[in-house]
Amino acid sequence: MKIGVFICHCGSNIAGTVDCAAVAERASTYPDVVYATDIMYACAEPGQDAIIAAIKKHGLTGVVVASCTPRMHEPTFRKAVERAGVNRYMFEMANIREHVSWIGKDIEANTNKAAELVRMAAAKLRLDRELKPKSFPVTKRLLVIGGGVAGIQAALDAADAGLEVVMVEKQPTIGGKMAKLDKTFPTVDCSSCILGPRMVDVAQHPNITLYAYAELEEVSGYVGNFDVKIRKKATYVDWDKCTGCGLCTEKCPSKKSYDRFNEGVGPTTAIIIPFPQAIPKKASIEREYCRQFNKGKCGVCAKVCPTGAVNYEMQDETVEVKVGGIVAATGYDLVDWKVYSEYGGGRYPDVVTSLQYERMLSASGPTGGHVKRPSDGTEPVNVVFVQCVGSRDPSIGRPYCSGFCCMYTAKQAILTKDHIPGSQSYVFYMDIRSPGKGYDEFTRRVQEEYGARYVRGRVSMIYPKGGKLMVRGADTLMGTQVEVEADLVVLAVGAEASANSSALAEKLRISYDGYGFFMEGHPKLKPVETNTAGVFLAGSCQGLKDIPSSVAQGSAAAAKALGLLSRDMLDSDPQIASVSVNRCVGCRKCIEVCPFKAIQEVDMRGQPKAEVIETVCQGCGLCNATCPQGAIQLSHFTDNQILAEVEALCRF
Amino acid sequence: MSIQDELKSAITAALPDVSCVVGWGAGPEPLRAAPLFIRGEADLEGFSAGFLSVNNPALYLPSLKGSKVGVVVKGCDARSVGQLAAETLIKREEVHVIGYPCRGVIDVDKVAAKLAGACETGEVAALREDGDDVLLNTPKGEVRLAKKDITADKCGRCAFPNAGNADVFVGERCAPVVTEDGYADIADFEARGLDELKAFWEQEMSRCIRCYACRNACPLCVCRDQCVAMSREPHWLSQGDGVRDKLFFQIIHAVHLSGRCTGCGECERACPLGIPVLKLKRALSRRVEKLFGYKAGGGDTPPLLTFLVEEPTIKERDWK
Amino acid sequence: MSSINVGYFPGCSGLGTSMEYERSTRAVCRELGIGLREIPDWNCCGSTPAHSTDSALSAALASRVFAQGENAGIGDVITPCPSCLKNLRVALEHMEDPLFSARVEALTERPLKMQHSIRSVLQVMVEDVGTERIRGRVRRSLKGLKVVPYYGCLMTRPEKVMRFDDPENPVALDRLLEALGAEVLPFPLKTDCCGGSFSIPSRKVTPRLAGRILDMAGEVGADLVVVACPLCQMNLDLRQGQIRAGGIDRVLPVPYFTQLMARAFALPEADAAFNKLVEDIEPAFACMQRRAADIEAEERKAAAAEAEKARLAAERAAKAAEKAKDAGPDGAGAKSAGAKKTKGKADAGGGDV
Amino acid sequence: MSVLEGKELRIVGFLCNWCSYGGADTAGVGRFTQPTDLRIVRVPCSGRINPLFVMKALIGGADGVLVSGCHPRDCHYAEGNYYARRRLEVLKGLLPVLGIDPRRFEYTWVSASEGQRWQHVVSSFTAQIHALGPAARFTEAPEPARLGA
Amino acid sequence: METVCLNRSDDAFVKAVEDESGQRVSRCYQCGNCTAGCPMSFTFDYSVSRIMRLIQAGQKEQVLSSGAVWLCAGCETCTQRCPNEINVAGVMDACRHIAGRERKFGARAVSAFFKAFMDSVRFNGRSHEVGTMALYMLYTGRVWTDVELAPKILPKGKMPLLPHRIAGRREVAEIISRFKQGLSDPDLVRAGLDAQGKSAKEAVS
């Protein structure tokens, strides 16, 4: 074997703390290394060209590049060596940037460590084998999980491009959080006027199948061929028959149900159509409030329904779909602000959340767009907005900025003045974060044109006094304590990953961070991909973002999915397990532990043997670590290869 | 009827249904019995079970897979049968298990120590049991030894003297040995301290001759010809004579048996150099038992082939 | 529950300005079977002046207290005063740090050997005795008394040290007072600061801080403010004149919770020691009795109405039964179905209201 | 091997590609300073790690071995780390009986986003190994000696 | 208003406050919640959040000479509500310790009261209210302090004129006097511990 070694300077990123020439010199003494050099930017065009030239000139059969993390540029270099006629798996990387040059400044230690990492890589490379991928067919259908604005955008873009799309929405209507908003910043245009038509498009698109009030139950399979089980929750109304006339909701006698869509601002009925523009515009029964279910008798809705759609016996139903790719767009939820006892923890009716306030402002909301104090129905004069409630607060485990609260608070302050001209808004803020197109100008307008008083400081306590709310805060610019007598307090409640997001991530086998947000494949270069091939992200499930960004990401995810599913065949990763049949004793231990059921028992001349199903194997290597005699080996990560790396380090 | 006779009639009853019954018969020396493969009533003549029935007959079961066989087992052997069945290395329904109460077996090395200077164990002409003692005919006359002084260590902590999973059980069940800590020997061993133990294994393993008798005697070492000790693909070990490779083989054996070893002790008994290789396996068994409450041989899924999402007994370091 | 035996640290003010707290605490504990073993020859915990000077000095004074307990075999201690509690507990927490405990030992020259714990009397009342047992002891209910509980800053704060109740909206004292029969009014300033020991060096503190608390108590309609802290009590009671001079015109008695317990348990007057309060509590009790009488009258009326209703129902049932008897054996089924129906209707009606 | 004399000890890490290797990358990107002793072997999943790799390193002269994978519930391959957890936890029982200080081996979970946690893990594990000092090597051919007892 | 020269940050002071309090002042992001909730705020020359900022900026003089650090009542409201979980009251306490050591008393009346209280404890082993008041009047000259309360409280018998002296009052006095001698100084104690550790190690080998 002829190995060539290339030590990348990465400008000064590596060369600043590693003596790259010295590393190359040491590398030239390693077994089978016939050529070693240092190179300014291995990944840049001249760098790749130099590698290709060296392969040709020295007849290299394997290449080691010591540079950044293989998680970044391994594919780049594999393509490069392939261009020079070397199999892409006859290539190894040594990570001397993230794992060496960036974490310490001791040049002697770094240079030595880099040289050792190269030795490990070369030792492994000596045992690399040429691997060739196999092709398998693709299911040209996309699953979109979540029917908020990001999911809608992804679904429509993909469907418009001719892809079949299956959309799953947890709630009885699509629209997500955006459907609850009255207006949007910084244009103050009507939220439902811009979202509504897109929701209708989803309903009417011939390529989109919508499962509302449904949840993802199970995902198996792999990129190009996922098997998905969707549980359609019982709505107790046959949606094929329901015309959405709303007669049932008018007649329902249980009028004190919690109104989920309206965030509990005012009650609703047990059988509901969440709002007039709901998609699908179908009724469903909330079992916990329904008299038929709780008392065993009522049946009013069944009696009044003109099409006989109500069915109290309805059961959950599971549908199975095959898809080639998945877009997760599950959005966010509000932080549980009731942990703030100092803000009343929910004891004071006139302390409301920003989303509740949106519903109050909305003309189609429960108050018909009239802002009223929940306690006595009067119109407030002094309205206090408190920002960063549940954001930037390490003490409740939410140290991050939710990103959009500053802007919606400004919008709400403007709308307050529009709705109640005689009102005065006070906004307690820590910092105003408005780095968007027209955003900062917007936050100036609310102060300059609408007269909202912005107070730089946090609110320490809210308590009732004589029918008003006393808001005790600080104005740190004045350096004093301040108090405001408020009629209504609106908490700009921060957001968090939607409930059960981690459970969904586990089903999809994608990573999530400590807060439950899904992890993108790379923070800069793969913002809508995940580390699981075929699964993409859109919207706030990946990290909190406002509407324009969510829409952009929805389109991006659709583009990525289209790119994947435009192909008829996909290449399988050849880094999978394979069985040496004469060494296998048929003990079944590998079969027992394989998380993907990718190993089956076959009969070979009367002897039981294990066999890997190549398209199902994901290459985790658990079988390899389980097999006592090492009869099953994970290609490219064989026992011998890992042992070679260990031995390159520990040789007594 | 004596236990011997009962066993014989149980074997006779089984013979029509099985290709053979594995038991014990006369060995090369009076102190050593040997495995006996009983294929017909004629073979029964040499059969005996008792104080000399040291070998674990479960060893032969995986290679006899495919036809119905019978096996006469001590309690510890029965654990091996149970473990083999739990791992589907044998089919339990293919094995007719005949059990009897075992009150301990001989440790010939201990006899040798008792006879030290007087004669070799191979020179003992006959052995006769006399209550709690045995009488040995040696060239230098009759020697009386207390059984308890020459019984195998494992019998002194035996929790399963009666083959619990036997299809046929003869004789009266005897009481298990109750010990406060079944692994006190390991605790004592560990108490010698890290430095001494390291030196201990260096010394012991320097004597190892790589004969693999330990492995060949292990009823759960089913890889046999495919053992990693000799393979190049994967190549875990060199064929050199160094301590580290020889010790590493023992580590491989112990790790491959973790959560599986029933503690039958055949590895250690088979070692021609008397290296206490069972200690490594018992150290792991102790840990497995502590973590998962698992004693190999009971028929449950081996703990390392399964998991719990929340492991109540694993206290992970939190790195705070 | 069997009897409790604990070490007891009265705190300096128990010998003077809060002697009514001290007396009533001891009396109530006796009544509830809590054996108090006073730490022999205990010293001052150092209060705010000590921890304002140096943490090790403060902890050293606390450490001597624990050492005195140790000599008498006392490990677990309770104290009525939240300020003492905080000092003693912070000392114990800090002393887990070896350097800090070495600094403390450099001052005391008496290393601690035992495990020590310190809790408040209130905590023991709600956690060990329990409101149910307290309710069971009540002989003279405080029915009709409108109270607001005032916890002060330190009963629940700092949260990580005190580990007792919700730091912003504690309810332990609320529950205890309810168990005594009092009506506990929602009180948003439960944990607002009264000014603490700063009432002495700074005259403007008390009228403002203690004044705000009194004013809110009056506004929500309380007859009195119940406290658990000697310093709070002094600021709210003794300095009420100063508060009124500051322009907040409220007159409210400020008893300790243990005093109200003593009264509810019908312990001797001397145990409750209401006479030690500056603002007279008797008018509040008088008011309570009037209200209680009204409530009882209401209740009697309601009970009578209920009884009448039951009587009528029984009568109707008897009549129906008679009819059913006439109608033969099938009637029995009809009757019970009828009874069910009425019940169902009543329920449905209730739901609509 | 050319360990920097007196400066570094030989510490081998086995890291899963998806979480911990990424976490180590994140630490690097964040320039979170770490000791230089650790050498990382990248494997697809902690489930790929045969405990014998750990033993191979320790018998082969490593002063410490650190294994890190995805947090429970967050395994890229769904279950690999659950098996790893049991196997590695059991392995700890073998070290003392061989005369190897069990503190020379640890395993933990670090996600791709936990750069700071990785820095902390590496720093504290390296400090732990330095506190233990170099591991005594198993000699290939010991002097014959009579051991006590 | 004085111009603050940001180059002249007294880093040793920042470290002293952090060591004394065990808190990281750099965690403060100036949200103002401490100031917002502080009951004593109206008596302060600098609000709490400004004190935090001044500490961050290493402005030792301004912090130590401020009245605010002495007027903090230690009610822990700031600590409770700090989103960054800084023990702000602990930081104020630490500033007081340092100010006291450097004999800077930004609020004379308060430090005099503390002194009076501690002296009373030193004499008696327990605090004695009448004694403390008398000493306080002596130290400050404010002889009329709370004098109007006397007729209210004296008849109640709640203000014993004589102190309760404890048997172990010498012990208490010794604690205070050892403290004054600097025997609990962290550096001194640490050095002592190190020496002990060394001798212990030597004994082993």
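Lettered A, B, C, D and E in written order, each chain numbered from 1.
The definition used in the following text is that a contact is a pair of C-beta atoms (placed from the backbone, for glycine too) under 8 Å apart; a residue touches a chain by one contact, two chains touch by 3 or more.
Remember, it's a predicted structure, so these values are computed and weren't measured experimentally.
Chains making contact with chain B as well as with chain D: A.
Two chain pairs, A-B and A-C, are compared here, and A-B has more C-beta pairs in contact (counted per touch definition above).
Farthest from chain A in terms of Cα centroid separation is B.
Ranked by separation of Cα centres from chain C, the top chain is B.
Rounded to whole angstrom, the centroid-to-centroid distance between chain A and chain D, based on C-alpha atoms, equals 31 Å. Here the spacing of chain B and chain E, counted between their Cα centres, is 72 Å. Chain C and chain D, compared by their mean Cα positions, are separated by 55 Å. Residue positions of chain C touching 2 or more other chains, listed in rising order: 167-168.
Counting partner chains per residue, chain B has residues 236, 244 touching two or more of them. Within chain D, the positions touching two or more other chains are listed as 56, 60, 73, 79, 83, 87, 140. Inter-chain contacts occur between A-B, A-C, A-D, A-E, B-D, C-E. Residues 1-2, 4, 7-8, 10, 12, 17-19, 21-22, 24-25, 27-29, 31-36, 39-45, 47-50, 53, 56-57, 60-62, 70, 73-74, 76-80, 83, 87, 111-114, 119, 137, 140 of chain D are the ones that touch chain A when the two sit in their complex. Partner chain A is touched in their complex by these residues of chain E: 29-38, 41-42, 46-47, 49-50, 77, 81-85. Contact residues of chain C toward chain E in the complex are 12-13, 15-20, 41-44, 46-57, 60-61, 64, 68, 98-99, 102-104, 106-109, 153-154, 157-159, 167-168, 191-193, 195-198, 200-202, 204-205, 208-209, 238-239, 241-242, 275-276, 278.
Interface residues of chain D, counted against chain B in their complex, comprise 51-52, 55-56, 59-60, 72-73, 79, 82-83, 85-87, 89-94, 96-101, 106, 108-109, 117, 120-121, 124, 136, 138-142, 144-145, 147-148. Those residues of chain A lying in contact with chain D across their complex are 69-72, 95, 97-100, 102-106, 108-110, 112-113, 116-117, 120, 502, 505-506, 509, 511-514, 519, 531-532, 575, 593, 595-596, 618-622, 624-626, 634, 637, 639, 642-643, 645-647, 649-652.
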